[in-house]
Amino acid sequence: MDKTFPSIEEAIADIKDGAVIAIPGFFACGVPRDLLKALIKKGTKNLTLACGCGPLVGAVDEMRALVKNNQVKKVIDSYGLSRSASKGMQEPFEQAVRAGKIELEVFPMGTMAEKYRAAGAGIPAFYTPTGVGSVFEESDVTNIESNRKPKETRMINGQKYVLEYALKPDYAFIHAIIGDKEGNLRYSKTARNFNHVMAMAARVTIAEVENLVEVGKLDGNDVQTPGVYVHRMIKVSRPQFAITID
Amino acid sequence: MSQKVKFEGLPREMIALRVSREIKEGSYVNLGIGIPTLISNWTEGVDIVLQAEIGMLKTGSLAEGDDVDQDLINASCQAVTALPGSSYFDIVESFAMIRGGHIDIAVMGALQINARGDYAGWSNPSRGLFVGNVGGSMDLCAGAKKLFIAMEHTTKDGELKIVNELSYPATALGKVSMLFTDLAVIEITPKGMVLKEVMAGLTAKDIQSVTGPKLIIAKDLKEIEL
Amino acid sequence: MSQKVKFEGLPREMIALRVSREIKEGSYVNLGIGIPTLISNWTEGVDIVLQAEIGMLKTGSLAEGDDVDQDLINASCQAVTALPGSSYFDIVESFAMIRGGHIDIAVMGALQINARGDYAGWSNPSRGLFVGNVGGSMDLCAGAKKLFIAMEHTTKDGELKIVNELSYPATALGKVSMLFTDLAVIEITPKGMVLKEVMAGLTAKDIQSVTGPKLIIAKDLKEIEL
Amino acid sequence: MDKTFPSIEEAIADIKDGAVIAIPGFFACGVPRDLLKALIKKGTKNLTLACGCGPLVGAVDEMRALVKNNQVKKVIDSYGLSRSASKGMQEPFEQAVRAGKIELEVFPMGTMAEKYRAAGAGIPAFYTPTGVGSVFEESDVTNIESNRKPKETRMINGQKYVLEYALKPDYAFIHAIIGDKEGNLRYSKTARNFNHVMAMAARVTIAEVENLVEVGKLDGNDVQTPGVYVHRMIKVSRPQFAITID
């Protein structure tokens, strides 16, 4: 089951306008930058980028290019804006959010993680204590007021919980340090973050790997994402970037 | 609301030092951005384990020079080092750990806090957006066994941060158990805020003058010892 | 209910062989206990990956002699071998994989099945217990993209197993798409059971005589080719 | 944070009558046999053994001893009975279940896994498609009729789901092939099965490890159960057993 693709362009060729794409990465770390660059080049529009903790704050050049190209309809994230309020004001992304031209929907980070996991695990909905007592128990938290659908809460054993739903992206872009041709992946340290769970969650998972090895080179005990979750594989170079966010 | 008394308090590093004294050996601890992060400067050689919500247990000091690894950062996007016994895991496991009650203490910053242990920290209305960067703060509030707040007692302009009612969007309700500021150490109890320690040179009355809720003065009120 | 016609059908290995033909290369497959397990004898060299719900992808053949490892068994508690590209994971991941729609085909045995694709397999009332060994069967039914049943057409005593209504506790409702027996291959469609293939020497009428629901005879009805 | 205990007896000394103990293992594989033997020796009564897939069918000698000692009040499992109906009739455990002297509560295996995970992850309840259309959507499935509490179902996006709750054991007994003194664990192949999730789920997790190593010997990328979940560590020998069930 050789899942390698001859080029990154071919690996993303079928992504259509309007797709929902999961983008892992925790700020600068573990972001699938080559896949993002290929997506910019391809120019696909009306995208929903389903993130977890600010990969577009970390990969800010890619974010700026996507916004400049008018490719982004919506971002879902726990940390989608610049850390610095004053620097954020200068960002075309935040300006588009303020203008209501791009939707930004926010969930607590653990809820985001759990929503992807639920999608990957066939769990349609779950209760969580996170967000109780905040606006997150009242409605969806988005800059687009008309999309603030009320949320449901429930008392279980005397405690209040919020009902949250699975979030299933059409595609996931994954970055791994090593992968075999059948899609078994392994990550480096904290670059794992949202990569595994997004690979589980998406209908189609496309992984860029720094090291592409023959099947059998990864020990079965060392595989962190089993190949069943991964549909397409690309070899990329180790990315170069600044470990910083504004 | 706009009392403008302002005292010169302890430096942020000293707030962090005072918090560090409240963390027992053997604890698993998550430190938020800001003053809480500074606590790690005071825990070297202490047998506590720091959790980073990106997916790491036992984070070491900040990395410099050749030790910098782009695949090894903390939740503030700073390169860090590993220690013997460090482990990495994915974000789902990380938040299972946080939400599931496996972290003993979370220390967070705050914009506002009240006497019921409610606090606001995730969204500053001055940014003018309904949305904001919530990150993992609400999961930590929901799951950590104890929640401490470490912050300046008032804003730079002398506005109260310890208030009767939050005017900023709440992060969590009723979860904070201890509050550490540059002026005081306050315990949050079912009866209200108990002033336990004050900065040398200040009185309980001084602290009350920059605090919204009526403080209960601990019988053994003492100076913050550093 | 007690029609006692009984035909000498194909051996179990041949049912397994017929099922194996229905599994496309590139599929991830979970094989239940009984006849389904035998399918793996026919897939060597075929590019399919077997999942074992204990927490393994790409299980190899049964282990013998020095290859036996007590830490490497399949879901039937048999020692198995690994293959290049095998991976291990915990039970939560294993059932996420199953429930989450990542397995292309599950092949299960059954005690009873009806024309709506409902089937019973987890609990035989003859054991006289309300409880039973459900294992992972219901998760596989809920999550596999396709569910095949491989079984004897009737019981040893000639009791019908393909029935109008289940009298045994259901494993899942409306999930089965193909049924492979020692006598026939039947597709389950919204209109009912379509008889697609019969064992050499038997007629559609023979099959109907040992089948509860009225069969729809496929226009291109043919012999089971092995 | 040295979590090693001087003896297995001391590691389980505080377990009281009536405790709920999670027992991992998939039939014969990955069962914490030394901890079970110590529990038999200790004689603690009225136990609820929260299993996943037949560790007591696999470790049948230990099961027989527990039943003989009258230590077991209840077993929760997806596969608690002998595979063979006729051999099961001979088992004292099944006889006690038939007589209503021991309760056997059954859930589908994936639901069991998810119930432990939910407990470990702070999720009080979740919806699952598993069991819809069966008795598992109607009530708790147990031999004790008066304990068959009705279950709740819900339609989500046109599909029916069952509401299931977290299951939090007081203790978990864990078997790992290697562990360091701070409780970081790694398993061997399919012996991982329910071990990790039960370590997450329990209030107190006690791990027996075949190899006890110094802190730092396990690479951070190779840890499968981070030490935060593990409270007590014991060194044991590699168990000897027949890979078979009745």
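Labels for the chains are A, B, C and D, by order of writing; each one numbers its residues from 1.
Here is the rule we use: a residue touches a chain if its C-beta (ideal position, glycine included) is under 8 Å from a C-beta of that chain, and two chains touch if they have at least 3 such contacts.
A quick note: this is a predicted structure, and the numbers were derived from the prediction, not measured.
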Could you run down the chains that neighbour chain B and chain D together? A
Among the chains, which has its CA centre at the largest distance from chain A's? C
If I rank A-C and C-D by number of C-beta contact pairs, which comes first? C-D
Take the average of all CA coordinates in chain A, do the same for chain D, and state the distance between these two points in whole angstrom. 34
So, what's the distance in Å between the C-alpha centres of chain C and chain B? 56
When centres are defined as mean Cα positions, the distance from chain A to chain C in whole Å is 37
Centre-to-centre distance between chain D and chain C (centres being mean Cα positions), rounded to whole Å: 28
For chain B, give me the residues that contact two or more of the other chains. 56, 82, 88-89, 92, 95, 98-99, 142-143
Check each residue of chain A and list the ones that touch at least two other chains. 114, 117, 121-123, 128-129, 187-189, 220-221
How are the chains arranged in terms of who touches whom: line, ring, star, complete or other? other
All chain pairs satisfying the touch rule are A-B, A-C, A-D, B-D, C-D
The answer for chain D against chain B in the complex is residues 1, 117, 119-123, 180, 182, 184, 200, 215-216, 218, 220-221, 223, 226-229
Residue set of chain D touching chain A in the complex reads 114, 118, 121-129, 156-157, 159, 161, 165, 186-189, 220-222
What does chain B use to touch chain D in their complex? 26, 28, 47, 49, 51, 56-57, 82, 84-89, 92-93, 95-103, 142-143
Within the complex, chain D is touched by chain C residues 52-56, 68-75, 77-79, 82, 88-92, 94-95, 98-99, 118, 122, 124, 126-139, 141-143, 169-174
Would you tell me which residues of chain D are touching chain C in their complex? 26-30, 52-54, 58, 78-81, 83, 85, 88, 97-98, 104-111, 113-114, 116-117, 128-136, 141-143, 145, 177, 187-197, 224, 239, 241, 243-245
